[in-house]
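Each of the two complexes below includes subunit A, the first together with subunit B, the second together with subunit C.
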Partner chain A sequence: MGILSFMADFIDSLAKRHRLLPWLLAYALLLPLPFVLTILFNEYLIDLANRICLFILLAVGLNIVKGFCGQVTVGHIGLYAIGAVTSAVLSLEPGGFGGALGFGWPIWAAIPTAVLVTAFAGLIIGLPSVRLEGAYLALATLGLGESVRIFIAVTPALGSSTGLMMIPAPRIGSFVFDSFTSYYYLVMTAAITGIYFSFSILRSATGRAFQAIREDTIAASVNGINVVKYKLLAFVLSAIYAGLAGALFAHMPPGYLHHNNFTVIEMVTLLLMVVLGGIGNVWGGVIGAIVVAIAYDQTKDLVFYFMDRPIVFQPLVFGLSMVLLVLFMPRGIGGWIEDFQRNRRFVRRSEERLSGTARNP
Partner chain B sequence: MALLETRNLSKSFGGLQAINNVSLKVEPNTVHGLIGPNGSGKSTFFNLLTGVYQPDAGSYIEFDNINVTGKPAHYIAEHGLSRTFQLLRLYGELSVLDNVLVGYHPHTKYSPFAPFFNGAEVRRQDKIVKDEMFELLEFIGLAEHAEIPAAELSGGQRRLLALGRAIAMRPKMLLLDEPGAGLSPVNVDNLMATIMTLKERYKLTIVVVEHILKVVMSTCDTISVLDHGQKISEGTPEFVKNDPAVIEAYLGREMADEDIRAAMDA
Partner chain C sequence: MRILNKMFAGVVAAGIGITATAAFADDIRVGITMRMVSENGQAYGQMMMDEIKGINESGGINGNMIKATLMNDECKSDKGVANANKMVFQEKVHLLIGSSCSSVTLPIVDVTAKAGVPQLVPHSTNSKITQKGSEWIFRVPVSGRYYGGVNAKYVGENIGTKIAYICAADAASVGDCANMEKQMKARFGVEPAYRADVQEKEVDFRSHMQKIKSMDVDGILVAALAETMARALVQSYEAGIGEDVRRIGSSSASNAPVPKIAGDAAKGVFFTAAYAAADQRPIAKLFNEMVKTRYGIHAPDHDFSQAYDLVRIMEIALKNTNFTGSLADDRTAIRDAIANVQGYEGLASGPISFCAAATPQCRDGNRTAVLIGYTKGGENFETEVLARVTMEPDFGLE
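Let's turn to the complex of A and B:
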């Protein structure tokens, strides 16, 4: 606790000087990561770091709709797929491999368009939330999300079973983001910016409206919150995150996209991140994304042999850990973070009261 | 000119006629009591006024010269009609300050997307609003608990917070659904004193549903009595107290006059 308190004090003192200082510090600390990873381990881990950044974007986005607004959605991975495929197809050259569609757009036009398309798709996935709640809403969104994947899987123009290949890498001038290391700076910047804006939303009237809907929908409507509008807005905002993550995934080296990246298993992994992180807590979601992505990556090749037949037991372990988490750690890592922050606030206020300098927060 | 007026307000749930042709006027700057035995339709009446339930065809509700019949709850709230709930319905996990900030929501001036495009403006406005809401919390005596989650307040503090949240939107009219439920007699008196100060301070018109007749009799200018979804009596506290129809609804026909007086004064 001593080290944590020291760090928290340090971050507070930085934030007091300027709101953005802690963020810039975090950014600066993350800059040398690819070199550290290459020296200590191997270059493959940079690819893992890139995927973790995308998962952070996804988890932070999912947290907006599920954590802040309390709407259970299992269609998030479908939005990720829409963002990825849209950006890939828009930027591919026409007449590509295997009958894939291609429009030959510049990448910096394709990515924002893909985000907008995904935002619109988020609106559609959010429509059932107007009438449905809880498990029923989960079922409806699951159906919508999975139908996106199946549609991609059976449509040759979108890659079908072979996938989309040779998706171009982004470039600025003559600099091309086609290596793990260069792409890392792209996705890491996106992840940090995503986390920052998620806090901006949470701390505005928009975020408070989301949370009011989560806590008590009827009270929220009587307090003048247009519940339908804000529910859909939460879906749209989370879709913007998913669309950006998807588009960045499509152009990530080696520029290959397959519908297997958008299965229900991926969705469960994503849910696991948010649940482990603590539903509604932004930093918890980020830590959850890092932990689960590493665990997922390190266990995916584990097999044991039963009567000489290989059995991949990763899905079992992940399913089981989800159940155990919900049973024994319902507030997740975020619960610890919140307890820690509240203790600090309590101590600080007590000190202020004792010294007679209590102030308006 | 009445601030709130209902004409032929009706609501049925399946075969149950919860509210039956109630016409009512509430004059500005008054305290209007709404009483009636359990199940007489008081809460349903509030839910109809605030748009939580939609009224049956033929009903008409006018608030502040606007027809609000069948309008959604947030629309009615935006026009200055606020309420509390019998079961409070606080946002338990949100801090006390955030609870009143949500109450202020209809007056938010920036767009929901502003956190993305104009963070500085959001912070500037939120700072002003937070100071204002903090003053409100100081006034109702919850300022020192501003940062703790609402769920951790005591029962009496929660009732105060529910009141604060309803007032945060600067309403023209406030509907109070059993503000004193579950409080000791002393606390009820304190709460009613707070409510009356708030009424003066914020120039409110109040409609109050309350079971504690002593409270209603002492604070209300006009009282309407509901029974089985119908308005059976209306007038000054003195008039209602002595109306045979009211006495019958509450106590039945058999009881002696003195018993009734005793019950009313209790």
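Let's turn to the complex of A and C:
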């Protein structure tokens, strides 16, 4: 706790000088990570770090609509698919090896276009939220998300069952982002920027409007908040995160997409990240993504033998964790962080009062 | 001075020799990524591990043990790629085996090609896998391009050319459908009488079957994974399509759930595969008995036989590899040893041969498909061998 308090105080003091300083420090600290991982462990962990960065983008994005605005969406994975497939199709060469559609766009044009297309799709997926709430909204978004996957699965131009293959890696001049390390800098930058903007949204008037809607839609409406506008805005912002994550996933070596990457199981895993991390807490989403991705990776080669038969028990472990989390830790890891911050503030205020330095005694 | 030089060279050479031997007093690391989400899927992985255990118990590979790591990719490409990366860069495997699903194998080909790791494919049939031009890939099963040719020839010459197609959305089935369609057009100049693209796990085929019934077709090709195919077969009879309309299965008709779930509807269905449980060779009878005793499977399908053949091919190649202790060199040596496997006669429908060129002609090892028909469905299903056809190496290539 002492170290955590020291770190929190240090970050606070940096933020007082300039709000970007803690972020720049975090970025600087993460820059040498690939080299540290390679020297201490092995290259594979950089690949894992890359996937974690994508999960962070997804989880933080989902948190905007679900955590900040309180809209129960289960269609986020469909938006991820739209971002991935759009960027892949736009950047693939026409008449390429896989036989899918290709436009041969430069990747740096394909990625922002994919994000825009996904944002528009987010608007459409968000439309049911105007009329529906709770389980009904969940069902509607689940249907929309799953229909995206099915559409990809039955459309040969989008890869169908063979998938989209040989999707090019991003490049700047002759430098190609086709290794674990070079790709790390792309996805890590995107993840840090995504977290920063998530905090910015949370602390802005828009973020407060989202939270008001989450707490009570009618009360928010009575207080002059345009509920429809803000609900749709939450879906669009969330979709921008999903679109960017999807596009980066598509171009990540080996550059292959298949509709099986976007099933309900992936959506449930994403929900697990957000629930474990703590709904409504930005750091919770980040921690949830890290914990779930590492736990998944470390348990995937564990095979339990029962009567000489192998049983892959990972799905069981994940299912049980979800149930236990909801039962015993409904606010997730983010809840602990909030408690810690609240206690710290309380202790500091008390100390300031006792020493007579409080600004508002 | 010259004698001294020779002595020095001798000492260095001996040193290198000792180092090489000493450096390879180690395990041979093999990574396996497979679809282990079904009862049979788990049994394929289990059988591979059991066979590797058997090799180790009988002395290993020239005294070295094989250390195998088995991972489940759930037939999902992102998980398969993550498994492959983990095994290549963390476990530092000498050889990678995988995967069961074509959609997983396709991206892994790029991972192994870039990292320089030999890859043996146990089950995937999609013809594009070996067309990517990787010099590290070797396919044990029959490529989809051969299956399509054999099916089309038999159907066109013995059944008729008015065929309805039901194609599920998994990579293997789409490939099987496309290959059959292409070959029917090339050989007989006919298009499908009816074509329905359905979901991978479709449950309701009745509307398609009603349309097919009204079209008076000669046969129905059902290209789908086992459970889906079984449902389609049952519903074709429920729709009132008679026995005179022949049911043609894709290669996954070989999987046991098809006759078990379809029951009587499986009778008369024929398909191409790489192994027939009805094979009368002693090796096949022994294999059937082994699978029945060990895993409780009534009759092994071709995914069992291919997994078994793959382990035997791996054993031959590893025994012919001169390990040096340098991972990169050993991987290259294993690749070259696999490329030298010629005329392996195991359980497969035909001999399996590879060669050095990174072409489909060299890397699609088995060119012989066997045509199999179900003579009885249900738990104790029975099959018969209708024909065995070997194709030319460049058959089905553009």
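As a working rule, the second predicted complex is superposed on the first by the 347 of 361 C-alpha atoms of A that agree within 3 Å, B and C clash if a C-alpha of one lies under 4 Å from a C-alpha of the other, contacts with A are read in each partner's own complex, and residues count from 1 in each chain.
The working rule: a contact is a pair of C-beta atoms (placed from the backbone, for glycine too) under 8 Å apart; a residue touches a chain by one contact, two chains touch by 3 or more.
On a predicted model such as this, the values are computed, not experimentally measured, just so you know.
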item: Touching partner for A:260 - first (subunit B), second (subunit C), both, neither; value: second
item: Touching partner for A:226 - first (subunit B), second (subunit C), both, neither; value: first
item: Which partner reaches more residues of subunit A (counting touched residues only), subunit B or subunit C; value: C
item: First (subunit B), second (subunit C), both or neither touched by A:303; value: second
item: First (subunit B), second (subunit C), both or neither touched by A:51; value: second
item: Touching partner for A:165 - first (subunit B), second (subunit C), both, neither; value: second
item: Where subunit A meets both subunit C and subunit B, residue numbers; value: none
item: Sites on subunit C touched by subunit A in the complex; value: 36, 42, 45-46, 49, 69-72, 75-79, 81-83, 85-86, 88-90, 92, 102-103, 106-108, 110-111, 114, 126, 128, 131-132, 169-171, 173-175, 197, 199-200
item: Touching residues (chain side subunit A, partner subunit B) in the complex; value: 197, 200-201, 203-209, 211-212, 215-216, 218-227, 230, 233, 280, 345, 349, 358, 360-361
item: Subunit A - residues contacting subunit C, complex; value: 41-45, 47-48, 51, 97-98, 150, 153-154, 160-163, 165-166, 180, 249, 253-261, 263, 297, 300-301, 303, 309-312, 314
item: Interface residues, subunit B side, partner subunit A - complex; value: 50-52, 72-74, 77-78, 82-83, 85, 89-94, 97-98, 101-103, 105-106, 108, 110, 112-116, 119, 122, 126, 130-131, 134, 144, 146-147, 165, 169
